[in-house]
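You will see two complexes here that share subunit A, one where it goes with subunit B and one where it goes with subunit C.
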Partner chain A sequence: MNDNRIVERLNRCFEYVQSQDIRIMEVCGTHTRVISKSGIRYLIPKEVMLLSGPGCPVCVTPETYIDMALEILNLEDVILVTFGDMIKVKGTCFSLSDKQAQGSKVTVVYSPEDALTIAAKNKDKLIIFLAVGFETTAPLIAVTVKLSNERGLDNLVFLTALKRMEPAIRFILQDERSKVNAMICPGHVASIKGADHFRFITEEFGIPAVVCGFESQDIAAGICVMLEQLTGKGHIEFVNLYKRCVSFSGNTIAQCMINEVFAIADGAWRGIGIIRNSALVLNDKYEHLDAVKRFGIKIERYSSPVNCLCSEILLGLKLPYQCSLFGSVCTPEHPSGPCMVSSEGACAAHFRYGGDRKNG
Partner chain B sequence: MCLAVPARIVTIDEIHAWVETMGVRQRVNIQLIDSPKPGDYILVHAGFAIEKIDPEHFRFLNDTLYEMFEGTENE
Partner chain C sequence: MDEKIKLSHGDGGSDTQRLIKNVFYKYFNDSIPNAMPDSFVFEVGQGKHAYTTDSFVVKPLFFRGGNIGKLAVCGTINDLVTAGAIPLFLSVGFVIEEGFSTEKLHIIAKSMRDVCKQTGAKIVTGDTKVVERGSADGIFINTSGIGLVSELYNSRRAVPGDEIIITGGIAEHGTSILIDRYELGIKTELESDCTPMCCLVNGLGENLKHVKQMKDPTRGGLATALNEIALEQGVDVELNEQSVPVKSEVHGISDILGIDPLYLACEGRMLIVVEKGCGEKVLHHIKALDYCDEAQIIGRFTSGHLGIVYMKTFIGGKSIIPMLEGQMLPRIC
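Moving on to the complex of A and B:
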């Protein structure tokens, strides 16, 4: 952190925090990484805990989704196209990279648009794009779906696991066991949906919520504002500290794209289960491009892996070190649970950058 | 996964633009932003421009990005 004023103000806040336990949750994987990497955890008093919510789309993609992708790979003449983050995530038993090692065609892309090029070049093959992400990524997928339809690429289909953030936050805050006192809102989801999209956190649940950017200074400033509010030095209100990239109403073109292509459905979150209205699926107009419908795949009921504490971690009830598998059986090289797979997962970030025992 | 990086639009080619981040050029889709122009500063996520940003913030983000890369050399 190179802004001394923020550090000074933060230190002043720490004086206000007397033996009052404060739990601040972030629900964006990039925030999780920045918090762990910047060492903010070491600066704050032991009463203040920084918890990582379900902010990494890869970590919350259920095993059954990977299993479906693996099943499709058993068909002949298919190419599976995916973001790199998904490649190591295990389904019930295997990951896409295991399958790739056995000769299956899995192609990693940076942009969903690359799937269009692959489909155009391989007309004799069926291309399946793994559409994973939150509302930051959903508009990109929507544009790709529309372009694919316009160009008549009928060999490209989408296996979707797109998630909406708002129902997940509501789910966490409504949980009777939840002890979350304040929330750092996901900055790039907010740049699409608008800061106002997260105002309900303060209005309905009465806790401070701040839209933050992704530099350590941004996060420190956010923590500062929330601590001031929680210790009575400021009144509880919703604050947008990321005005440079997030307007109150968001990117309306991107929102229109989402609404034009997707419908809202119930979604399965790994480690959590079904959350109502939390998924985006292709709507009636585009359902012919939906891989599940095209292949008539059966969606299995979702169940969590044994012994993995991810569900409690994602809900902010436990910290990674409290899992008996953390760092021994479960490591980033051999992840047992989803939070260890992506570098944005709570367990992986704690494993890599450490954290003291009070704060995980 | 929602990571976005700052970039500057260099040229526009229908629904795409060539943009520059830290001296590296890449082609991104610009259908999600309103009236993009060469010289505009944007945030890029997975090959798409997702928002316009102000020039001052671009400089700040770009500097931090440099710092981030310097810091990750030995990881």
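Moving on to the complex of A and C:
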């Protein structure tokens, strides 16, 4: 469908919406960014709110995790290997980039497998890989863990903060305050776990849900489908609009990799707290590669900071501009809360690309 | 055998003289025939002159489509072009890390010579320092340049209705650097756009009169350059997403990394502000110039006076395009 036809169809939906408040949530950082950058909010009436849930893995990584990484960096002969956008995230007081400026060795990689090369080249050093992400990243990290074990690289360990998306979505939908009417499912996670993984949203909670791609017209099409369902122009059902990348059963090889290396555990989400069964941790076979176990680090009980609205924003209860720190104290250059850190965070996307305040 | 640079190459003694003679004079001798002057002497003559300097610390030093030497000469020449100047004389200062390969130094110096030959600019003075291992990252280069400003070019403020042209596809330098820096292992013919843009001053003829401003969108890319122009002028800019030339490889690679091509550097492109109503005419002439066949009118100044850049998106939405904030980092997935 070309852009004009999508916009026409979107406009027709708005005639049906009238004064009904509709809250559509997406839970994928890339969707957050594309919605803001493409100016979709500019095209929709104020009754339709597009909310950004906890879809940015960097944003939901707790402060205590960064604190642990910083503590490890105090050791001698350590190289910390990380995805790029982690280095700006503040722990309780400092970020990895603060530590880097003080001379600590922090290396940014794009692929987790780069950690294997770094470990092989630096046998006299201890390499710590910050294993952060959702089920999209988890298979690549699983491969890295497996290969590291097979190659006997005992100088490479993993500090994990991997998350599962499904328990987080359940957590939000079970919170009566959130009043989410429809859900744009995370396309990247769906490509691994399969579209069917998200069918529960419609079946258990009775709201429209679509799996959609990442072009602006993909997202607009997803919004159209859900608005048509919500305004009685179609019946409520689960729809996969991203069939070019997402099958109903997903990538079974990648799923096997996850199952082979990780076990499910309770996970701490920055700004939200503990969500049951929402984390992936190294299983018994690979626990000797777990940095927490290797160093005997004590994990403090997670308590969420109270100085910003990130928690409510991630749950869809508040919009970024409703936070008093937004854009003044808290900016992408000096983020206070997690949602401002990565370009995919809800606050950062709002800050960068603007958006109609009435519409969120 | 590839001889390595030693600290003694920067001491000013015989090793230094040998290095200058064997490497720099070999390539730059068109400009400095038989002497080693501490200063180059020239007559200023008539007309206005532009003078600029820039330092180059790019990593990796060698990238697809160029190297730090080519970049250092193109960068300074293009800064002169933004003032409507034809480059005349350049200086070059090398800060070299102990242990650096002289073979690489030859390649770097040769590519600097090649750009000079192409543009008529002359490297007329220079300096070499060698620092201890670990005190620099291979090699840093500073260049400065003096150019003669064309009488046809009259820089002036932009007003609502003025049109904005970009001379070619954006983000090709930035993307090429990212492929090499993150060793993405992507097979692509994409190269840095690193090019001297003197043709704009030499080749536009009388049409240069319609040009109000020029800016090279280097660090921070097109978005940052447009924001700087909008803020300086206090006039809003409307960018048309559909018109911005972006190669599909650039789209694909920046998408993989989660980086917006609007913020990735160009090193051989120019943003040109043209008088209202003259956009198409000037564009026609620009497209005939070297490296400019993909030039496009990408936006215009609007009646707002907040100095904001916003974009009309593919889908018909509007979004603000802010200045680059902080360091650009590849995202997680």
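Going forward, the second predicted complex is superposed on the first by the 357 of 360 C-alpha atoms of A that agree within 3 Å, B and C clash if a C-alpha of one lies under 4 Å from a C-alpha of the other, contacts with A are read in each partner's own complex, and residues count from 1 in each chain.
Everything below uses one rule, namely that a contact is a pair of C-beta atoms (placed from the backbone, for glycine too) under 8 Å apart; a residue touches a chain by one contact, two chains touch by 3 or more.
Treat the numbers as computed from the prediction; the structure is a model and nothing was measured.
When the two complexes are overlaid on their common chain A, residue A:E344 makes contact with subunit B and with subunit C alike. Contact with subunit B, but none with subunit C, is seen for A:E113 once the two complexes are overlaid on the shared chain.
Within the superposed three-chain model, A:S36 lies in touch with subunit C and out of touch with subunit B [touch as defined at top]. Of the two partner chains, both subunit B and subunit C are touched by A:T137. Looking at the shared chain after the overlay, A:K88 reaches subunit C, while subunit B stays out of its contact range. In the superposition on chain A, A:E333 contacts subunit C only, with no contact to subunit B. Of the two partner chains placed by superposition, only subunit B is touched by A:C245; subunit C is not. In the superposition on chain A, A:P186 contacts subunit B only, with no contact to subunit C. Residue by residue along subunit A, subunit B and subunit C are tallied for touches, and C comes out ahead.
Once the two complexes are laid over each other on the shared chain, residue contacts for A:I253 go to subunit B alone; subunit C is not touched.
Overlap of the subunit B and subunit C interfaces on subunit A: residues 29-30, 57-58, 83, 85, 110, 114, 132-134, 136-137, 188, 342, 344. Those residues of subunit B that touch subunit A in the shared complex are 1-4, 28-29, 31-34, 43, 45-48, 50-51, 53-54, 57, 60-61, 64.
Subunit C contributes residues 182-184, 257-258, 260, 310-311, 313-322, 325-327, 329-333 to its touches with subunit A in the complex.
Taken in their complex, subunit A has these residues touching subunit C: 3, 6-7, 29-30, 33, 36-43, 57-58, 83-88, 97, 108-110, 114, 132-134, 136-137, 188, 216-217, 220, 331-333, 342-344, 351-355. Considering their complex, residues 28-30, 56-58, 83, 85, 110-114, 132-134, 136-137, 139-140, 143, 186, 188-189, 191-192, 214-215, 244-246, 251, 253-254, 257, 342, 344 of subunit A touch subunit B.
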